[in-house]
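My questions will all concern the structure given below.
All chains are identified by letter, namely A, B and C, in their written order; residue positions are counted from 1 within each chain.
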Amino acid sequence: MMQAGDRGLLWAGWSVLIGSAAIVVAVPLLMLMRTSWVEGRGRLAEVLTEPGFGTAVAHSFELSAAATGLAVPIGIAIALVLRDPRLPGRALWRVAVLLPLLVPDFVLGYSWLRAYARAGLTSELFGFAWTGVQGPVGVAVIVAVSAVPLVYLIITVGLATRAEPITERAAHASGATALTVLRTITLPLLAPAIATAAVVIFVLTLGTFAVPQVIGTPAGFSTITTRIYADLTYGSDPQTFVDATTLAVLLVILTLVVVAPADVLLGIRLQLSRTSATDLDWPSGGRIGRALKPLGLAIYLIATSGLPLVALVSAAMTRAVGVPSTPANWTWDNFLAVLTPRTGEALGRSLLLSFAAASILLILGLITAGLGRTPAGRGVSVLITLTLVLPGSTVAIGMLLGYGRWLADTVAIILLAYLAKLWALAHRPISASVDRLPLAGLRAARASGANLATGLGTVALPLIRPALITAWALCFLTALHEVTMSSLLYGPGSETLAVVVLNSADLGRVGVTAALSVLVTAIVLLPAAALWALTRRARA
Amino acid sequence: MSRGRRGFTALAVGLLLLTTGCSQPATSRSESITLYTCVNDTTVQPVISAFKAANAGAEVQLFRAPTGQLNARVASDVRSGGLRADVIWACDPLTMQDFVTQGLVGGWTPQTDIPETMRTPDYVGIALLYMVAITRKGQPAPANWQQLANAGKVAVPDPKVAASALGALAYFGTDFYADLKSKGAVQVSTPDDVTTGVAQGVYDAGMTIANSAYAAAKSGSPVTVSWPKPGAVAIFGPVAVSKATENRQLAQDFASYVTSQEGQTVIGSSGSYPTLPNVPGPTKPENAPTVQPDWKTLASEKAALLKDYATIFGG
Amino acid sequence: MPDVLHVRGLSVAYGTTTVLHAVDLSVGQSEVLALLGPSGSGKSTLLNAIAGFVPIRSGEITLGTRQVAAPNRADPPERRDIAVVFQDYGLWPHMTAVDTVAYPLRRRRVDRETARDQARDLLDRLGIGQLADRKPAHLSGGEQQRVGLGRALARQAMLYLFDEPTAHLDAHLRDVFLGEIAARQRETGAAAIYATHDAAEALGLADRVALLVGGRVIQVGTPQQLYVEPVSATAATLTGPASILSGPDGPLLVRPDWVRFGGDRTGVVVDVWFRGSHTDYALQTTDGGLLLRSQATPTHHRGEQITWSLDQAWPLPEDH
């Protein structure tokens, strides 16, 4: 397949890949490790034996396990419910379940508090509150809820490609009832997708910070990530700073060890190509089932997304804490306090930055996917997963340590941080799609006179377009509501929206924070809606 | 590569360059200083504006973040070429003392009438936080701190999170908190959480900072604010000049400005309590008593104190 | 004995597109009905409706004495006395051949060991007993199809539905298939519907043939009836090689074996194909193009002027 003219393209691809990996990921990681090693290795024993460290590690793993254990079955259930072609309102449900993806996780955590904690919405409306929400159980539930959409997406793809309708029809025609089909055919065929989903969620939740911090810390529940943050907050002396970097390095090592079967992460193919089966080929449930399914979906969505968001808006509109949320007490003041020219500027900058980040990540993701089957390519894939799992504060510190001398206070350093954190997010959907490229099509293009580049561009790219759009959208939205790294790396003239959020939230007023959260969510929803419309047209 | 792809890449690269370029400061370094602070925007912005108005041609580049991020930023600076701030305005003396110990700031302070209790040879306190008592409307407000324990369900902030709470801990000592805990008190995270909790009726009373308490009361939350005897615990936020600054004159001018009558007035009218006597500031009852923790001892005893405290409310 | 299958006024639609229009069909005991039609005629949809994979818009479907489908109610496939052999095999990637064939038996509560033994027997009879422990990924197309057939046979149903099952098979395998089905018919009176687009196959194995075009049944009859007396030009071309001549009273159907060399009509040989056991000629005449089949080796060549005559012809009714 390789010809003389291809070498240039390959060479270009490899240099971009290795170069980017070095700049964006390797340097910050190495700087962190160096600081830990040079300044901290003497303290390693103390860091490890410090009271609470073992607990924090245990908590991190317990949290990931619990969140995974909750999110995966729910995601599977939702995917199975939503494939019924005659489900009333199906198009709407398929969008609604993706809502938690769009809401920044600090907003999600905060809105759950406003909904279910003492003196929250349920308390005001129905007189009961769920005190457990402010503690480990609440953290696990909220983290799980925010992970469900990702599981749903992965399983849906698995259903389309592995558990195609014909396999279920054959089982029915062989005498199996719906439940038996699920047990003997569907779930076993979904096993690879389920495994992928579990690993992805587990790794992602190891590095989750905002929810444990907002919800868990007041109840004394600590994780490795909150401990890192506490170290940074608590101490301005070098020792605790180094302790923080040591903890970060430990987190990276732990992640590597736990997911060392790297093939589990990399080998499982998420197949995103279309199959010959259409949506209509899936069985539609019985009449009772068809009535219950929307009901179940509605209850789930209201409880996990609807009520919290309502509580959030309510808090944003109420003029003071402790007064009932009635029209007499409603005010726009909180929103007005938030909508300043600085906010507008920061918003514009955030949009630009997110756009640039997503676009560059698309190219990086493509190259990584294209070269991903080689040993070096696999190495890069593992590397970029590490920055995915690192909490944002440590990625930011790594960037400062590596590039602060030249790039401090510029937008470039924030961009680099986004690239580091989100590269794996772009790479995943694209590489899954690339895996399933039909070789025959590419060969036909070559036989018709196209070189490798043209062949890829004209044959391969159109086929993976949905995956490209998905990857771009995911990166754009995540970058847009990224808080932790931006707030550490920004300088005057490079403030992002999230920085404005954080600075204002530090004022501590419930109303203003809620107003900001509503604003940030709304701002994310608009481009998301546009992207969704685009995806619909691309898929048509 | 198809035309579309190429165009897209060009666009992305162009955006990258654009955003990088956009962030270059417009003025030359000698007319600009960089300020790192953890103080709220509502106080910092007016101060900067007023300073710029009084010093035509001066620019102040601001980095503002919560204490944790501020610490991380300073530490990262140090390991990548040196502190990039010309002036640091911290939220508590302990953080600043750490910076002094590392040799990053200090060595000079401006001439000012700010009391000795709030200054050292390396830094000067320019804004104050007061720890006061907040009570749900309808409940009796504690007249002195010892009565707080009997006020019902009480909330206190976390000294590991808020320097103001740390200051209070230093002043009261762990016995005070042990007593609170034995009567059912709860530790929350920040002073604002205390305010919110009391306003919502989750707690009956608590210890929080005056700004937060008065803001809640003003917006209509059913709370009352009191300054229990022997006094509200005062935590001052100091300003210091970087030792390695390349803009020493302007940096010192800034420090002088914020310690002057004019600067302190701006601070006072922005919602923070000024440190200079006789400058108007936010609500403070006539002759309200205040007390100061012993910062010098606290600096060396911080770890031990927190360890002790952890046995009361958990780590 | 009641019909195994009775379909009355069946209409099936996907969204706003109607795919089957008021189809009437019946299959009797031990009967093989071939469903013949071009791609897109609705053959698969009809089978899917009978099997219970798609809902119906109007009409009803009765299997034996039980009504299994009506517009507002339908029995699920597992409760219909049917078995399906899929065009794309429909095998389960994670199951071995023996477990796949044993699956329907297990659903009838046969214990595991017995089911697997019976499955192995079946696989033996189908000639792939030695592949019992392989998964689909390690089986060729033909072997997979045989596993699919075994699975359907294991269901022991009254009606077998075949959706173009031999598209990927050679002639020998086709005979194995038909042998197994014939055995079943004798044993249990089971019937079969065989969907195909191959006229020769349909005519060869069916007791009756139903022609499906554009979602409508245009003719049902014995293979002979369809071959000799199709109801329209469309039906004629679907059921075998056909030439339509313009005769004095309208179009005439002429099958290649109804034409012979020699006679009072003239024509030119346009093309010659030697097929081994016979030779096909394409002739050009004043009444139109004509196909001629001769049981001899080629005796005429391209461009030659020849004479021909008809042994029989069938006047075609108006095409509808």
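Just so we're on the same page, a residue touches a chain if its C-beta (ideal position, glycine included) is under 8 Å from a C-beta of that chain, and two chains touch if they have at least 3 such contacts.
Computed from a prediction, not measured in an experiment: that's the story for all the values here.
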(request) Report the connected components of the chain contact network with chain A omitted. (result) B | C
(message) Let me spell it out: compute each chain's centre from its C-alpha atoms, then which one is farthest from chain B's centre?
(response) C
(message) For chain A versus chain C, what separation do you get between their C-alpha means, in angstrom?
(response) 52
(request) Indicate the whole-number Å distance between the mean C-alpha point of chain B and the mean C-alpha point of chain C. (result) 85
(request) Just give me the whole-number Å value for how far the CA centre of chain A lies from that of chain B. (result) 33
(message) Show me the residue ranges of chain A that touch chain B in the complex, using the header's touch definition.
(response) 35, 51-52, 118-119, 217-218, 220, 229-230, 232-238, 240-241, 244, 319-323, 329, 349, 352-353, 355-356, 359-360, 363, 393, 396-397, 400-405, 408-412, 415, 453-454, 457-458, 461, 487-488, 490-494, 502-504, 506-511
(request) In the complex, go through chain A and note every residue touching chain C. (result) 162, 166-167, 169-178, 180, 184-185, 188-189, 191, 280-281, 283-284, 286
(message) With touch defined as at the start, can you tell me which chain B residues reach chain A in the complex?
(response) 1-2, 5, 8-9, 11-12, 15-16, 18-20, 22-25, 40-42, 61-81, 84, 94-95, 98-99, 101-102, 158, 160-161, 188-193, 195-202, 212, 215-216, 219-223, 314-315
(request) Report the residues of chain C in contact with chain A in the complex, numbered from low to high. (result) 14-15, 51-53, 55, 76-78, 82-84, 86, 88, 90-94, 103-104, 107-108, 148, 151-152, 154-155
